[in-house]
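Naming follows writing order (A, B and C), and every chain is counted from residue 1.
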Amino acid sequence: MNIKQTSIFFLSFFCFAAVFFASSLAVKENREDLGANYSLQINPLPGKIIPLLAGEFKGLLADHILLEIGAFVGSNKKISADEEQKIYLGMEQAMILDPYFMQTYLFTQALLSWDCKMPEEAIRLLEISRKHLPWDWRPGYYIGFDYYYFLNDYAKASEIFLETAKIKNSPLLIALLGSRFALKSKKTETAIILLTNMLKDPELSENNRESISKRIKDLKGVLLIESALKTYKKTFNTYPSSLNALVQKGFLKKLPLNSYYKTYLYRQEDGQVFFDKTGYKQISDQGTSINK
Amino acid sequence: MAAICFNNISKTFKTGFKRTSILSGLSFEIKQGEVFGFLGPNGAGKSTSIKLLLNFIRPDYGSIIISGFKVGTDKFRHLTGYLPETPCFYENLTGMEHLSFAGKSSGINKVLLNKKSLDILEKLNLEKAGNNLVRTYSKGMKQRLGLAMALIHDPEIYILDEPMSGLDPMGRRLITSIILNLREKGKTVFFSSHILNDIERTCDQIGILNKGKLLYCGPVENMPENNSGMEDAFVSLIEKDDMITNE
Amino acid sequence: MNKIGLVAWITFKDCIRNKALYGIILLGLVLFFFNIIITGMFSWEAGKVAVDMGLSIISFSGLILIFFFSINSISSDIYNRTIYLILSRPVSKAHYILGKYTGLSLIILLSSIILGLCAAVSVKLSFLSVDRQIPFNFSWSIFFLSILFLTISLLIMMALAVFWVSVTTHQFTALLLTLGSYFVGQSMENVKNIILSTKLFTNDSLPVKVISCVSWIMPNLAAFDLKTTAAYGLPVNASILLWVALYGISYIGVVLTLTIFIFQRRELA
């Protein structure tokens, strides 16, 4: 290289570098603003198409989508309705790409059910997990929870809980909750049958056995009182003012005792029987909220 | 003024951590209008010398002057025509397009170029293949097209790297006749070869290179031990040198 | 200038007659049919999907052209020694680099134009079939602007590809480095945002500093991505776009001058 070439080189290099420096500063500043409302990039393909395109990189793509969604939610930005749809689409893609990934259903529950308030969509995706992970009780537990907490569908919740309770090593809580919801959806008998079956499991710990037996006893008490109430209603065309009336009028020999309170709780308006206060309160709250 | 002048050229290549010397202290001169044959066994450093001449690589030491221009700093490429060893072309271009690039880049005007290209192609028996893609050419045709590209701008100095290698006798005769033709026109030709016959027929001067050193430089007739033919002289020269360096 | 044009011309002509190029263009066209099919599967915002897909296909084909075609074109010049034919003429290495870059860029431009028109057609078709789903505020000018910026980002990648091929001694190394540059350029900004959003790192922690440094060396390709803007018809800020364009062009200039500088020192044994 001679002097002329060298000088041309340095001149052009510095010109370009100077322009680059200036424009880079401008772009950076502009992108900083953009960073503040960092947008969620989810490929708008339907979930079913994605595996075709992902080829052997399904897992990797699923991880990427989860990361993208996680980063977006993590930025603490308010999520718009449009972005909720995007999150749902992304979660669906991730779920279809890798239905075995635990992170995916945990995210689904946390983001879709709680943050986006899209329980039905969440349940749809969680069902995929539940189908693929028959040994894992969590997806079923979340589905049941969503039915109960967000959708107030006790029948469905209890059905799913009781189904999930059959999975080995699932926490006892699921069976207990399932039976509780069964009560509310007037499926007490189903719950009793299921719990009795669980008692047959030889690996059941002593503590759990005791809890289950207690719950069976409570449910049986409820069943007993309910049938007495039914006959009472048929005879007098109204519910009694208190449970004691059932004994006084000879519909029951004596009131059964439950494991929490000595007597069962009772609401006259609709003839509902409860074995503890929480159940009583929740049903009342729900009643008022529905009225509203 | 010398057409080509090597001044004390040394070149080493790095292979891993080792440095191998290819040329050491190479100096010689080719006068204007001479046909110079550059001889040597494989690996002697012929190709390296030619790459140095064209500034594809740079010497560690020393300088090369072509017609008064220093290689590496001055611009004189319009003065030289180069034929690489086994030339490679753009397979999807035609012979004519290659020639047109060669001509235009050397500053020949368009009107003249077309006629010139056709002339040269005819001279090299390529007139029928001129508009075919190079992909369809045989090895000999490629070699001839390479030569056509070296000839197109009618330079003063020709640098031909193994121009006869891999050619059939017909092709070799054609190239020999072209070199002789250039000599008649008073052009300088510098070519490397290991085919001694061709060199004997065409060269005014030869240089014999072995292991990066020039063993002989001068007319063919003056070669030592030239009594029993050039081949024997060449072999004994190389063997002697190998014995010395091995000791 | 004339000599750069000559090198560009033979490069362009050689590439345009390469069958591999037709393969890539064909792939692009097949993807457009795919685009129409996929768009049909959408119940919401099909128009947006069509725009998104169309632009992505242009980008994708361009990247394939760069990674497999351009890198190969230069490295085979060097390793088959076709470059000797060029450099033995009164053509300098700078002419060669600039000529090659121009020739290969012309190929990219051509592919962007052809595929861009195809994209426009497929988008138009998807609008016709589901006319109520034209994205709010969609405008063709933003659509074509987005193709333009996408092409600029491809040209940046091309400059980086030329750089890596000229600097490394092996085609595969060059391919990997170009691929790496692409991913860094694309995700640099996202990575920074993610790191900052976790709130585990502050602005002057080491990872953030490293990324800031990298952002001065590698191009921020995310800035050229107007796909979302085009798909949703979001408003564009002319002065910002101008800066982005200038940013891209000056980056190409810096990379190419550096390439020439290094290539001039390289021995072509």
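As a convention for this text, a residue touches a chain if its C-beta (ideal position, glycine included) is under 8 Å from a C-beta of that chain, and two chains touch if they have at least 3 such contacts.
Since the structure is predicted, the reported quantities are computational estimates derived from the model, not experimental observations.
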### Task
If we define chain centres by averaging CA atoms, which chain lands farthest from subunit B? Would you check?
A
### Task
Name the most central chain, where centre means the mean of Cα atoms.
C
### Geometric centre distance via CA averages, subunit B-subunit A, whole Å
81
#### Entry: Averaged-CA centre spacing for the pair subunit C and subunit B, given as whole angstrom
42
### Query
Distance from the CA centroid of subunit A to that of subunit C, rounded to the nearest Å?
44
### Task
Indicate the residues of subunit C shared as contacts by at least two other chains.
none
#### Entry: Numbers and ranges of subunit A residues touching at least 2 other chains
1
### Summary
In their shared complex, subunit C is touched by residues of subunit A numbered 1, 5, 9, 12-13, 15-17, 19-20, 22-24, 26-28, 30-31, 35, 38-39, 41, 43-46, 49, 67, 71, 74-76, 85
### Query
Can you list the residues on subunit B that touch subunit C in the complex?
13, 51, 54-58, 75, 77-78, 80, 82, 84, 87-93, 97-98, 101-102, 104-107, 133, 146, 149
### Query
So in the complex, which bits of subunit C are touching subunit B?
2-3, 6, 9-10, 13-18, 80-82, 84-91, 267-269
## Note on the structure
subunit A partner, complex, touching residues on subunit C are 38, 41-42, 44-45, 48-49, 52, 94, 189-190, 192-194, 196-198, 215-216, 220, 222-223, 228, 237, 240, 243-244, 246-247, 249-251, 253-254, 257-258, 260-261, 264
